[in-house]
Amino acid sequence: MDYNDMELMICLASRYLEDDSIVVVGTGAPCAAAMLAQKLYSPRLMIMFEAGGIGPMLPSMPISVGDSRTFYRALAASSMPEIMETCQRGLVDYTFLGGAQIDQYGNINSTMIGKDYKAPKVRLPGSGGANDLGSLCWKTMMITPQDQRRFTEKIDFVTTPGYLTGPGAREEAGLPPGSGPYKVITNLCVIGFDDQTKRMKVESMHPGITKEKIVENTGFELLWAENVTVSDAPKEDELNILRNEVDPYRYIIGRG
Amino acid sequence: MDYNDMELMICLASRYLEDDSIVVVGTGAPCAAAMLAQKLYSPRLMIMFEAGGIGPMLPSMPISVGDSRTFYRALAASSMPEIMETCQRGLVDYTFLGGAQIDQYGNINSTMIGKDYKAPKVRLPGSGGANDLGSLCWKTMMITPQDQRRFTEKIDFVTTPGYLTGPGAREEAGLPPGSGPYKVITNLCVIGFDDQTKRMKVESMHPGITKEKIVENTGFELLWAENVTVSDAPKEDELNILRNEVDPYRYIIGRG
Amino acid sequence: MAEFTKLLKEKNVTYRPGGCGKIYTDPDADRARLYFRDQKPRKMVEKTTTVSEAVKKLINDGDYIGVGGFGANRIPTAVLHEMVRQGKKNLGLAGHTATHDFQILVAGKCIDRCDIAYVVGLEARGLSKIARTAIESGVIDTTEWTNAALTWRYKAAAMGLSFMPVRCMLGTDTQKYSAAMEMECPFTGIKYLAVPALYPDVGIIHVHRADVYGNCQIDGIMVADSDLARAAKRLIITTERLVPNLVIRREPTKTVIPYYLVDAVIEVPFGSYPGNMAYEYFSDEDHLRDWLKAENDPEDLAAFLQRNIYGVKDFNGYLDQIGGMARLQELRYQENMVEK
Amino acid sequence: MAEFTKLLKEKNVTYRPGGCGKIYTDPDADRARLYFRDQKPRKMVEKTTTVSEAVKKLINDGDYIGVGGFGANRIPTAVLHEMVRQGKKNLGLAGHTATHDFQILVAGKCIDRCDIAYVVGLEARGLSKIARTAIESGVIDTTEWTNAALTWRYKAAAMGLSFMPVRCMLGTDTQKYSAAMEMECPFTGIKYLAVPALYPDVGIIHVHRADVYGNCQIDGIMVADSDLARAAKRLIITTERLVPNLVIRREPTKTVIPYYLVDAVIEVPFGSYPGNMAYEYFSDEDHLRDWLKAENDPEDLAAFLQRNIYGVKDFNGYLDQIGGMARLQELRYQENMVEK
């Protein structure tokens, strides 16, 4: 069965959200992955939105993390401080982030392109809650297309902390011990982080993708797992549910 | 018209609560005074209770500052932090406190009698919210019988701050500038506080009460206003409303 | 604009102990995070059990307890009585206006330490003799706080912090016998007391409605229960009514305690008796007066406790003992101001 | 027990600037107290007025503004349009997910500084060209924060404090361009950033129901509005419906904004349009798309603004312009998932 990059990334991401865990997601691909996981793998996955929605019966893809779908028949319609404090208290297992640039330690830039903060070449959406979620949730996942521009040695602005400068740096900065980047899911491969060096380590390559292709689309040196496997391609039931139930209007997968 | 000490103190206290102000009260005499003020002088007096009740239509005297009467048809049924934070933010004009001992600076003891904290002669109810209200509300009023035992040079325990050791002491301690004791209403007189020394200053003596009587019932030296007046005795309408509407079962005025 | 940016400057400051009291619980936010990560139930599964099971499994001797409600209003009486029946020992307690709840636990000799703001009085009802004696005799070790200080200590924990700056207690003996630290604002230099976050081992809260997973809604004032529920490491909920999950989902704005904070939920009708439950029943002032009176004579008290706690199997047995539905209906009339 | 009491010890510490950003508002809690004492209306009197009067009287050029809701959800559009019509200038803005609200004020050239967390994007809808340009060109001065940092800055103010310790932003460029201070916990030594309390000059919030005095209730998520309402020096409320005071008193548990926080209240049906209003109407995605498209050409934008803002007398004129009740009813069907 055929699929595009976006469908591929969403299907793979959905498999990492274990049942009975709590995830805070934004709109777009992360929300699609969470909805797919809930329908297929983790029926009791607990979805939260940063504006206050807790455990909704999502009738469709929200357009905003604060629109009424995010608390439709929810367990609770709370507040932004409530969600952020739940993260700070250590109750949120996963979050999902995107960004314009990412480095080998999983630091993310979603603020600006350019060298001068006061005169950015391009101003991006900004942190919003990304820095908070990446600082306070236990495991941060990223969904992003992979290329030299995005996967770069030095990002222009560290909006959201990955492992910062390496082992111990998060703790040194005062960030909660034990938190940090977990997986990066791209259109080429699934990347984890090496326990010792906290650097990106390729775990599986997507069907038909070569090591060379991954290397030439990465602006820094990647580590490679002992035995790099081939990612399981999106399954028929994953694609059917994603296309027919999660994103029927192709808001997200249409971009793939 | 005849009246007892408690009725006298409640009637006098009620006259100090101006309309369109906010007061946090406890149960007992303070609540009775606020209810009387609302019915007679200050229909829009805004009554709050520390457990969360805001602007109730009090059907009767509450037994507890947290019972359901304190938010009966209220404007809001909030929380203890909400009330305390409203005080800390500077929105509450008046509070009413009692206590076992009080000194010339209006410091109040409601914690213990005795010299050793670890082995008190008598353990009293304690601060509850008294210290918070006396620290954070703008004007603190006290209703208390007056005698040598209660009005003493050195109180055993400073539960709630008056002017502490005198001018500037509250600010020095870090308490919000401009807050502090306002009036003390006893069974003998109405006492204010001297601007310069922050010490108690008698403003009016109740009908039939002599200066000598007040002096011999006070354990420290009182200041006296330029022209000490005679307090207006409780008026007939005050007593009627107090007895028939505010405290028909004489819970409070029965103790007078 | 510049005026305020000037506030951003390096300062050397000294943190000083503001009191000689004890810190009975660990304020460390990182250790709390690990506990919440590893021990808090994420599974939205049925958590209904019995009061005796919940007390057996979730409350250990030596634990530090936070009780919801306000003294004799919306208190989890069934759990408190069961703690006495099971003879729980050496418990710590957060005493922000703990009145009848404190009285019950003192009668059962369950407590040996207390963060104290208001515990020996029953407000307008008078003072508890046994509560006073327990503190005057030193049987219960105490550290002084205020109602605001304790509610803000809960809030610090609920926010995932290890402290909260506050403006109460300053300059008093209340501060002197507290366990606060003196500090100042990094921007304005305003003096504050830092109070340590309070993460109780167990929180016990009575609510109006909950589903079997522990999603809870409370009508009327919250007192400090929203923060207590978030601060507590383990949380026991008793509820007037268990309702279908869809009743909760119908009004999600009303949900104050989501299921993932809850370890056990038990339906206990009239569960706040003899306390007041807003919109349900008023407090039983006669019963509370009888209890206070019984405290004047050890034998009377022993008989009273035998009759109402030790001698009954469970909370329903207590309700039968105090006059059953006939009495409870009177209290409902009082609450709803129905003239009879 | 001792283990934690040991945390009470004297420490010399250094507060260090954690960023090079600006503090646009006064975090001083004492000055805020005096303002609230002297300026906040205690009188429970009718505060109904018109949007244009409220904007004229309560919003001055140079003021710092906090807008309720979340981007294009429950936003006070009528007030924002009127600010543009009246040509308010040099305003500061708290930008925790300000999307369409930011877009409107930028189109009106009202803003010259912004505490920024998320402002140039409209979430899934794409980016606002004029918002980007305003920041890239330096027309708007910015200081970096995050959504949590800004909501906690409101909370510090709402609590009557001058700062709040937080655990976000640490170690990043977001911190480096913020105006936070580095500090540590007086008990545990945990590193925190202290963020300055944010007391906006004016708060603007759209609610579901309010009475003429300003007692307000909101259905669904609060976002940061409970804290914003308490932090703001002046507060303008627009409401879908004005209701009798007794409707508020019937469910006091639902009241999030008591009257004494409010300076003006105006009934504005469909007041969040083109934003979403939970349980009332969904966002008008076509209209938001048209606006974004118009931004690609200055003339198109000028025409679009003329048509929808400058060329109409008031918000009802705007609603007529976009298709009136026929269109609004479609959005209500969408919100309530009524198939048509």
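A, B, C and D are the chain letters, set down in written order, and residue numbers restart from 1 in every chain.
Rule of thumb we're sticking to: a residue touches a chain if its C-beta (ideal position, glycine included) is under 8 Å from a C-beta of that chain, and two chains touch if they have at least 3 such contacts.
Computed from a prediction, not measured in an experiment: that's the story for all the values here.
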Calculate how many whole Å lie between the centre of chain A and the centre of chain B, each centre taken as the average of the chain's C-alpha atoms.
58
How many Å are there between the centre of chain A and the centre of chain D, using C-alpha atoms for each centre?
28
Could you put a whole-Å number on the gap between the CA centroids of chain A and chain C?
39
Counting only residues that touch at least two other chains, what does the list for chain C look like?
29-30, 160-161, 167, 190, 192, 219-220, 252-253
Where in chain A do residues touch at least two different other chains?
71, 77-78, 87-88, 136, 176
Determine the shape of the graph in which chains are vertices and touching pairs are edges (line, ring, star, complete, other).
other
What pairs of chains are touching here?
A-C, A-D, B-C, B-D, C-D
The answer for chain A against chain C in the complex is residues 20-22, 44, 46, 54-55, 57, 71, 73-78, 85-91, 93, 136, 138, 176-178
Applying the document's contact rule, which stretches of chain D touch chain C when the two form their complex?
1, 3-5, 7-17, 19, 21-30, 113, 160-163, 165, 167, 179, 181, 183, 185-188, 190, 192, 194, 196, 218-220, 252-254
Given the complex, residues on chain D that touch chain A span 69-74, 95-97, 99, 116-121, 123-125, 127, 132, 135-136, 138, 144-149, 151-152, 155, 166-174, 177, 190-193, 219-227, 276-279, 282-283, 285, 335, 337
Residues on chain C engaged by chain A in the complex (per definition of touch):
29-30, 32-37, 40, 42-44, 157-161, 215, 230, 246, 248-250, 252-253, 255-256, 258-260
In the complex of these two chains, what residues of chain A are touching chain D?
26-28, 50-53, 59, 63-68, 70-71, 77-81, 84, 87-88, 107, 111, 117-132, 135-136, 157-161, 164, 169-170, 172-176, 251
